[in-house]
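Listed below are the structures to be examined.
One chain, chain A, appears in both complexes that follow, with chain B as partner in the first and chain C in the second.
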Partner chain A sequence: MKKQIKAIYKKEFYSYFGNLSAYFIISLYIALSLSCALIFGNFFSIDNRNMVSFFRYQPDILAALIPGITMHLWTDEYRSGTIEFLLTQPLEYKDIIIGKYLASVSFSLIMLSTLIPQMFLIKIYGNINWLTVLSGYLCCALITIAFCAVGGLISACSKKPALAYLGSLLVIWSITVITPDKISQAVSLADLGFQENYQNLINGKVSLSSILYYISMALISLWGTIAVINNRQKI
Partner chain B sequence: MKRKLSTFIFFVLLVGIFYLFNYSMARFFENSYVDMSDNNRYSLSAETKDILSNLKDKQTLRIYISPQITQDYPQTGEYSKYVTDLAKRYEKESQNRVITEIIEIEPYSPQEHEAEQYGIKEFLSKDGKVNLYFGGVITNNEGRYITIPNFVEMRGPYLEYDITSAIKQLTLSPKLPKIGVMAPDMHLLLDTSGKLDLTKNQNIFNQLSNKYQLVPISDYAVQIALDIKTMIVVNPSKGLANIGQYALDQFLLRGGNIIFFIDSIDEKSKKRNDDQKISQLLQNWGIKFSSDNTIGSLEKGIEIRSNNKTFPYMAWMNLDKTNFNAQTPIMQNLTSLSFRAPAAIEAVSSKAQDYKLTPLITISGKSGTIESKSSIQSYKEIAANNFKETNKDYILAAKIEGKFSSAYTENIMKGSKYEKEMLSFLPQALKKGQIYIISDIDFLYDETWSDNSFKNKNTTYGIVPWSENGLLLERILNSLNEKEDLTTLGIHPFLPKDSLGTKFKKEAEQDVSQAKEEKTQQLEQLLNKAEGINYQDYSLGSAKQINQLQEQITSLEKELRYLDYATDKAYKQKMKIYTMLSVILMLVYAGFITLWLRHRLKKRRISQEKN
Partner chain C sequence: MISVEKISKSFGNLIALHDISFRIERGEIVALLGPNGAGKTTLIRLMTGLLSPTEGRIVYQDKDIAKERVSVLHQIGYIPENAPLYNDMTVFEFLNFTAEIWDIKEQILEERLKHLVNKLELKTVLNRPIGELSKGYRHRVAIAGALIHGPKILIMDEPSEGLDPNQKYGLRSFIREFASQGAVLLSTHIMEDVEAIANRIILLNEGKMVTDTTPMRLKYQMPERDLSSAFRRITEKQNQEGIRA
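This part shows the complex of A and B:
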């Protein structure tokens, strides 16, 4: 990793733990994951060797929480006026963007990792299908990577954190619910739906196209962020 | 304004690039995936790949599906994705020898007409306005085709088996091999025209009906037609006619194969099968069968409900891999077979040349016997109490092969008017013959191995098996009818569903089961006592006795209700404990990580301040 990216990454990453927001978001994630799995996910009445009760609601939970993680990425810089200072530093824009993005991804992945103890608890009490669970985790990690990039892009577009949160929430939620339909008998867009790719991965069908779907979402959002920051600098 | 427009165009472009890129990736990597699912359900087995690689002519696998299914029946819609995924896998693995076509059916379209002509079965949309379709057709170059009228989700584990068998079937002669079926009570299996009635609760014959021509043969037939290579003989110890036995003896010596389903009791009709006439024939083939006992296992016995009680019954068993001889191809990768009060078979010396008996299914360890006369009772609890643990090894199914000699010294119809029409008597085998013997006739019955409540059970592809009894019979027939490559073709069995809630409930019930049983017995005794009281005797003593009994009964009933309440409470308690453990573990983990990171943050600040 480049030294500049590393410096930005460390600053951003530790800033999450400098106040109570990290604890609040992680606690909220635990509460939401548990309540969705145990209450709405019928955890005790269905076979959970694939942790389906937990994975079923992860897109919705992450869609609600990741905007909270990414909303400050750029809005704080705009509000406090440090954006000009930051952008005049001997750093490339993309290094700043990548540093900030990696920090939000790392924090989100730490939040996601709180599900790991659950995996062992299920194993102690019953059976677990490690491979399918691994595929489910991979899927959640990919979603996190994609959502953080989208959240970062929306944060770069707005000056107020609340607006960034609501905007990210709306965009991410739209991504999760939009299911492209077929154009004709020969051309079907079903593979482009978020849920289609998500279901494939949590069912253990790990296809390259599904992985690329989330990675490309992240890369295109990062590209968008670079363009937005670049544009603001010109102004 | 211009800037806003260009920003808008930029974002539209981003979304466009995203969808275009993923559309091409989805097409390019359509069939490239790693299968990490339960039982590799997205992958084709080595046996299927082998059959596909040996295909000489092209075949087409068409999946007919109404798009509306996804909205009207989400679960079926979900299953349709799995079916289409697997169908595409056939195209890839066969290197385009099997072309997969997914045909979406709009109401009243030419595709709908085509699907109907192929025999795809329609079902109504949720609003009842249009017909929906979800089935498949496999066609070959000659125009022959096999239709799967509906893809039934519950039959999901058999999807690959059904498609591969159909593909294989189309490579073989269109003339189906004839299989003879003989039973002492043949009339029960026939319809009014004398044909096998496949609707009579016989899923097993239904399953075979599109791959074999099943020919009913009376046990009074003097001989078995030469174009029949395999006979299925059901329940011969119920009293198979002598002439039928002679016909089987001669059939085997001419190189025929016989599959026997023999048993000491018939659980369905609650009758014993102790006709000893068949013993001579069996002994001649090196098999000894005793009708005195049924076999059970403390390990493999299933829980049954009888007389309002649930208890483990040793003689009704779900056997698994540990009971199967995996050395023989037909038993390979089978996962479960269900037996109900089977008998045991033993190997005895035989005069046959190259005689070989291979056990296929055995039980050992914690095994035992129940007398047949006890097993036959409706009150299975009494039968269970009569279980005698012997810890012996018992053979429940075996394969016997060799060049047998006849159990007869001459044609038993010698001198009769039939003799001239019959083939000459054979004292010795012309060819090697094979006998498969399975010591349970309930093995065949629908309720032993399949979901009989399913509405489409009258079509082969509508049978919903929960045990592989039907598959085993089909494998035996395949091995005897030149379809060896289908012999080891397995299924993707659903893993047994075990929710934590069910586990907790069982544990909670187990905790109080002994106390509950004792109280129930006491209550039964008191109720019996109460029934014996002469209520017309109004003496003070008897009134006191009645009062005492009533009090005791009320108290016991209360205690039983309390035990139910306690079970429920214990079950909920277990769920609470799990939930608490989940919360604590996740919080401890999160706390540990965040505190560690906070500690690192502090250290970072200190070092920054120093610098």
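This part shows the complex of A and C:
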């Protein structure tokens, strides 16, 4: 990794732990994951070898929490004026964007890792289908990677964290809920649906097209962020 | 050192700067003057690569900033208005972060840090969060950050805004010393600063360059023999002509 990207990454990553909001988000994630699985996911009444109870609500939980992680990425720089400092350093804009993005992904993956002990909770109650569960974790990680990029893009478009949060929430939620399944089926592009790719992965059907679906969502959003920052520079 | 060549900048229909040209040589302290909205900050943002010109170019020792931004930035130390800094970092963390971005070798960094910390009297606040510092200290931290890579050109936007007389005095001494080995461009509307340190004035009004002269000449152009009156007369005259036109 380039030294400059590393410097930006370190600054951003440590800034998450500089206040209580990071711990609040992680605690909220654990609470939501557990309560959704136990209360709404019929944890005790269905076969949970694939951790279905846990994975079923992850897109909604991540859609609500990841905007809280990404909302400050750019809005704080705009509000405090440090964007001028940052953009007059010898950095390519893409380096700044990658550094910030990787920091938000790392933090989100740490948050996601709190789901691992829940695997052992299932083990207490019965068998576990390790490969399918691993595929589910991979799916959550891919969603995180994609949502962080979308959240970063929306944050780059706004000067207010609250607006960035609401904007990201709206866009991410739209991606998860308004799936273009019917349209895509009509034009034989079924792979474009979020839910379809998600269901495939949590059921252990790992396919390159599903992985590429989330990675391309992240890459398109990162490219969009570069365009936004470049455009702000040119005004 | 710096050559600003026929620079124009428009934001939609608004012409913020029109056909600005000048050069800045080593040893010069150039004050960029003008009323609010004259285009000072836009010009500074163009000179630091934050904005791209609509027309013209800005060249630093044969390098066009629009084409070789990263390479040109190595020659510039820039302190924006109000010295924006990361409030949650300590002074040491901030300087270290800046040094990491500039990829400064450890030995050189150690020497430079020692020099800047002594020169700008930052030793007592090194481990304090920037958010807790006074305006004067924040300015000094911003200067240290801007000089950590050893630039030859210092660009400052309203550097003495909000500083007390002692802090202003310290800042002026520092600028004079820096200019002995490089060049300084400072945007200000504080005439006291201009008289005390600048050896050249570029006056902007409504996006146009009105004059490029020395403080002494500008002063003696007017019957009052004072820079503030000269500034007022020139900009008011221009504005009235603009209204008539």
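Here are a few things to note about the model shown:
Just so we're on the same page, the second predicted complex is superposed on the first by the 227 of 235 C-alpha atoms of A that agree within 3 Å, B and C clash if a C-alpha of one lies under 4 Å from a C-alpha of the other, contacts with A are read in each partner's own complex, and residues count from 1 in each chain.
Note that in this section contacts are C-beta pairs under 8 Å (C-beta built on N, C-alpha and C of every residue); 3 or more make two chains touch, one makes a residue touch a chain.
This one's a predicted model, so the numbers in the text were calculated from it and none came from an experiment.
Once the two complexes are laid over each other on the shared chain, residue contacts for A:116 go to chain B alone; chain C is not touched. Residue contacts after overlaying the shared chain place A:34 against chain B, while chain C stays out of touching range. Once the two complexes are laid over each other on the shared chain, residue contacts for A:4 go to chain C alone; chain B is not touched. Of the two partner chains, chain C is the only one touched by A:90; chain B is not. When the two structures are aligned on the shared chain, A:212 is found in touch with chain B, with no touch to chain C.
Of the two partner chains, neither chain B nor chain C is touched by A:162.
With both complexes placed on chain A, chain A has more residues touched by B than by the other of chain B and chain C.
Judged by the touch definition given at the top, the superposed model places A:82 against chain C, while chain B stays out of reach. By the touch criterion defined above, A:18 reaches both chain B and chain C. Common to the chain B-facing and chain C-facing surfaces of chain A are residues 10, 18.
Listing the residues of chain A that touch chain B in their complex gives 10, 14, 17-18, 22-23, 26-27, 30, 33-34, 38, 43-50, 110, 113-118, 121-122, 125-127, 129, 131-132, 134-135, 180, 182, 185, 189, 191-192, 196, 199-200, 203-210, 212-213, 216-217, 220-221, 223-224, 227, 231.
Of all the residues in chain A, the ones that touch chain C in their complex are 3-4, 6-8, 10-11, 15, 18-19, 80-82, 84-85, 87-92, 233-235.
Chain C contributes residues 11, 48-52, 70-71, 73-74, 76, 78, 80-82, 84-89, 97-98, 100-103, 145, 149 to its touches with chain A in the complex. Within the complex formed with chain A, the chain B residues making contact are 7, 10-11, 14, 17-19, 21-23, 25-26, 28-30, 32-38, 41-42, 67, 78, 81, 85, 104, 495, 497-504, 575, 578-579, 581-583, 585-590, 593-594, 597-598, 600-601, 604.
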